[in-house]
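Once you scroll down, you'll see the structures, which are given as structure tokens.
Paired with subunit B in one complex and with subunit C in the other, subunit A is shared by the two complexes that follow.
Right, the complex of A and B next:
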């Protein structure tokens, strides 16, 4: 309009607008939905997802804009100067309810057997905005209930509300067009693209983004109701990327891992392989200290371990080796590095870990260890490699070894006179060891991993350690005491603070606030 | 803490001291009741007597109509368990005495059912919330049967088979549309 002042151009331009009678100012380029979320105004939605494009197909997010004849999808419409928006006028509430009624028209209302119940967006929106009895007394359109889509996923076509979020996850995150819509109208259904299966490495993200219970993970299907689970923030131990996750557990058993949004690391996603890493926490665990192959008390086992290590050290520290693992937390690494330097007086500290694997340019790293960066920062330049270890074992330079962490295939351990193993799992090293001590795993401890970007990220204990397992730093401190050390650690935070003080590249890392598991019963819909 | 001892002196005088009179007074009351009640009792007119106790176990007081009794699991038309392992009842149960382990059913129209269904009757407070919570009319407490006595705790834990053994066909329907509403065209 003539005489109106134009908003200044450029990316930093702000728009002034009115939402529900209140004036607000937003940066240009936001959508109305995002603007409403910023100021805490609730607009329900199904098809919009912060990490995906917005096709505006569900029409659940309609709002009224002054001067527009029809309600407008807020997820798709950018904010503009002098806009006047209403999110709670009678007309908006009415179309909102009508859209829900439309979505529910052919919905099977399987809630009692639906895995999503309790965290379902359709349930939540229905109770928030509709909560009336169905007016439909005709029969519903029936579709297939159990469709096997791929390695990890089962689809219930009846429950699908056709929001296309899963299709967009495949197209935009995994970059594979595995899913498509077929047919039209009330016969429209989600299916795999001709000749394809939903087998991309990010397929389980579709289950998370599905606002309803249409997509279920075979791994989790029917095992738990959402409200029985407790959520603990943590970091995926699957590779060096360090995707932020939530551990969902119940009664000390992990049931699933879910990505936790972090724009700097994993955005909203994680890979399928990482999701299943929790299984190992409950498999083949070493649950009690072992001395000469028989279960023993912690005191006896620690005493014997200290005796073996001390006699090897006193004979000749150069034949005593310490193997650390890139699977260990920063705290465990720091405590054992200190033990090796101050009380075992050996320079033969080796770094082992899981072998390299496949990678892509989306999330997955070739380095399958979560804490390689941390281990290198803490161990410093004197660390020897797994190849050195193999060589030293073969040439017989080493006669005694302290093997810490999950180190697969370190080499032949037969030539050693004494072997002390700290590990979480049964296996060849435990069988060969004089003393084996059970180590708590990543989901059982407070601690931190440093990912490939150098970000120090926190783990929080979600479940109690298996059997008598203990965190590595605590075992290091006990071993240290038995070897005459004066230092003690009361908790992981103390080790972390000391590491941050001593290790230059870790200074400034933050332990963060303590987190305890939260029951999902109180967490509402996760959509 | 100091112990407080309160000394009550015996009443004075031998009459009161011997408690003889008081005892006889008490016996008199009992004897009076006896004389009033036993002839009526003998003539089968117990209702007219003053006796308020019951001659258990020959006599039993009827339970109030809201009595619940042991749980049972209801059945589908083909005899399968109606329960879909939705976990509403263990969620509602204030005594945490229901344990269910779900499994997938081969029948895609059922999908989910309980593999294990146990109720610990020793812990149960007979509140009936599980019945209220069930969306499928799968669990009921309408048998009126007392939890039976047991000598071992494990015997008081009812399993799926036992709960089903008292079960009957339930034709309760979802959403008021009638049985097998899914199949109707």
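Right, the complex of A and C next:
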């Protein structure tokens, strides 16, 4: 991906240098800013971003280098042997303050109505490095407050501090030159390139990288104050890439998804489509167990489901099918595979999922299911395909079906004598089922997905399940008990550990430490 | 810690029959021990404490003081509030002298912020003034309630009236009669009202008269003295051993006053005495409190005389909210305001124990910061926790009726003790 500045291969000498009076040694090729970050010295910046090129336009990261007449931008200057750098001399602090004063000169007094307030780099840097009263009382240069840039983005040109991060995201990540700067001086402004709109598939990354509230997402703006949100680490369920994300939620409502840096998977980015997958968590949910179309208690519904499945199994296991989905977590897949093999005694286990879609060579995968790899690892070679399922339904081989998870176009369900459905959403399968059980979704459970690279990545529950929905592995265990199983699971970790023991290709996977959600207000203004 | 001579008001005359030991032994009455619950609803328990007494006849064999009825998770709540948001919680510690808690907490945070030497002088004087007013209201409440519980209802009204004058003045200043939240990290929230000092002088004049009246009504009152003299004696060694401070410790001859021994704010500039008792009984605790109010008035008058002009809040946008006019009209102050309200003051990582002279003794705050806008830990050393603990030792051997004045003179304040 463009924007990764990796050191050229081959051995390179280390450089020895002094920062703030302390001797340090770094590999050659680092910039001064990166070197400072490695040793925990804070140098503020606006325009620099670890995933983008460095144009050194904001001049906020200036440091003093001995022998240089003027302060030098640290984000742009490579480290060199015998360099002596000062990041906290009176002159550097003064320059830093002056740059902030300059940046704030025409900045509107918008904090109370600004979406970025609370996670704004300008607020953070002012408070950390300036914290002085204004010296100017002249009027500010006015610019357009609401500029519709594209499908997802609105721009406030007054708030823009002209760092060009968004331009570089378009150029280097999405590889479409949609944004440009126009005019000069205090009239300089960000705008779309002539004849274009900001409609590339990665446009919402511009909102993340915007250090201030100039670029706002139509999906999120004015819906929630950022500092009230709780951040929970998770994985995007939109496709097989498995971009690492943070779920930002408050009071059991997800407000947005933002990418979580992972150099091995998604770097710092994710696609617009993936960001909007959270909407489905709050739409058309199945919230209570249903028996014959009417809400029922869990006990009654599980009893009825077990009765239907047991009678089909006892009649003829070869006419009983189990459909699993590539949208399910590894834990759910493992528990249901075990249920099918040990207690339903059927070999007709099918794997269904969402149909293929568009893809690119950046992040988006054609496989729109987050856990295809995991399902194939856990289900093994005997899994039948969605095509087999369609065929078996049409030819009438199947008379009873346990349909788990979400799957589009499984085929006609009308010919079945009994149908038990576990799903998170209302729809045709629920309408056709004798028993429908509500399934918790990816944002509501602890679990794991295995992405297209074979990386097993953790999901953390960000919100409580809708209505009476339960995690799939828990329902599998209850169904298993109703069918006479002795096994039970207390939590997802237990299922995961067992899966890692039994599935050879998962043996190296690690459940990881528990993650406590943090409220952004107390995340110390991540900026 | 230097010893001081007992104040002239401490123990002048001894009236009455003498101490309980000379009375016919309760043990001789044909009786067997039984448990007796006092509180938490018993009016003399001030609604917040329960004592399980084991009595034989009227005599107390053993006692189990059970606190916690007013536990409000102050320390845990504080971990979820910004440093500034904790002020209203401190109001509710010792709720008869909220200003002293405000000041004690602010000093602790300021010490950790290393701005304790930069607080404007006027703010320090104002803190002394409101603090000493609160000390007077604290002692007035203690004496009023105890006098009433010993049937001196008139005294109760005299003292409550005086307390009300002072609280009305503080209400004028802060907007709230009791829960002032007037102090801020870096100073106080607003300057004194224009006529604050003349009003305070007038109130002090009237308070003095009230205290003279009360002194006349109680100090030589046979009934009062019989209930107070020689009851609940604490020795100086016990006072040290049990960690007793404030009027309770001083009544036992322990001349420890944080204002004198570890001066803070501008207390070292004032001329005042620390009264100590000679017997360590209930009467000494009464007498010490009475004299301390007079000394607080001395401090107040000196502070008003020397009150310097100047700002009342530190001029630092990282600590104190900028003036509203700046906030609404410049982005710089708007950001500072926003960060202070939403993220809180950034207190450097570290820990500190800071202590002041509260109404009941050494009020300590042990705070730990992890560098975020809220405390990692905010522990309070409530003076009346120790004072209440000593009841387990004091009460056995006394009569049931002695519980009331002995407990009253400890001035256990549930909000502070239980936190």
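Worth pointing out:
Everything that follows uses one rule, which is that the second predicted complex is superposed on the first by the 512 of 527 C-alpha atoms of A that agree within 3 Å, B and C clash if a C-alpha of one lies under 4 Å from a C-alpha of the other, contacts with A are read in each partner's own complex, and residues count from 1 in each chain.
Convention: a residue touches a chain if its C-beta (ideal position, glycine included) is under 8 Å from a C-beta of that chain, and two chains touch if they have at least 3 such contacts.
Keep in mind the model is a prediction, meaning the values are calculated, not measured.
Residue contacts after overlaying the shared chain place A:134 against subunit B and subunit C alike. In the superposition on chain A, A:109 contacts both subunit B and subunit C.
In the superposition on chain A, contact is made by A:145 with subunit B only, not with subunit C. When the two complexes are overlaid on their common chain A, residue A:14 makes contact with neither subunit B nor subunit C. In the superposition on chain A, contact is made by A:221 with subunit B only, not with subunit C. In the superposed pair of complexes, A:126 makes contact with subunit C only, with no contact to subunit B. Within the superposed three-chain arrangement, the count of touched residues of subunit A is higher for C, of the candidates subunit B and subunit C.
In the superposed pair of complexes, A:382 makes contact with neither subunit B nor subunit C.
Taken together, the two complexes place residues 109, 111-112, 117, 134, 137, 227 of subunit A in contact with subunit B and also with subunit C. Against subunit A, in their complex, subunit B makes its touches with residues 84-88, 91, 102-104, 108-109, 111-112, 135-136, 174-175, 177, 181-182, 184-185. Residues of subunit A touching subunit C in their complex: 104, 107-109, 111-112, 117-118, 122-124, 126-127, 130-134, 137, 227, 521-522, 524-525.
Across the complex, subunit A meets subunit B through its residues 109-113, 117, 134, 137, 139, 142, 145-146, 221-223, 225, 227-228. Residue ranges on subunit C touching subunit A, taken from their complex, read 316-318, 322, 326, 328-336, 338-339, 342-343, 346, 371-374.
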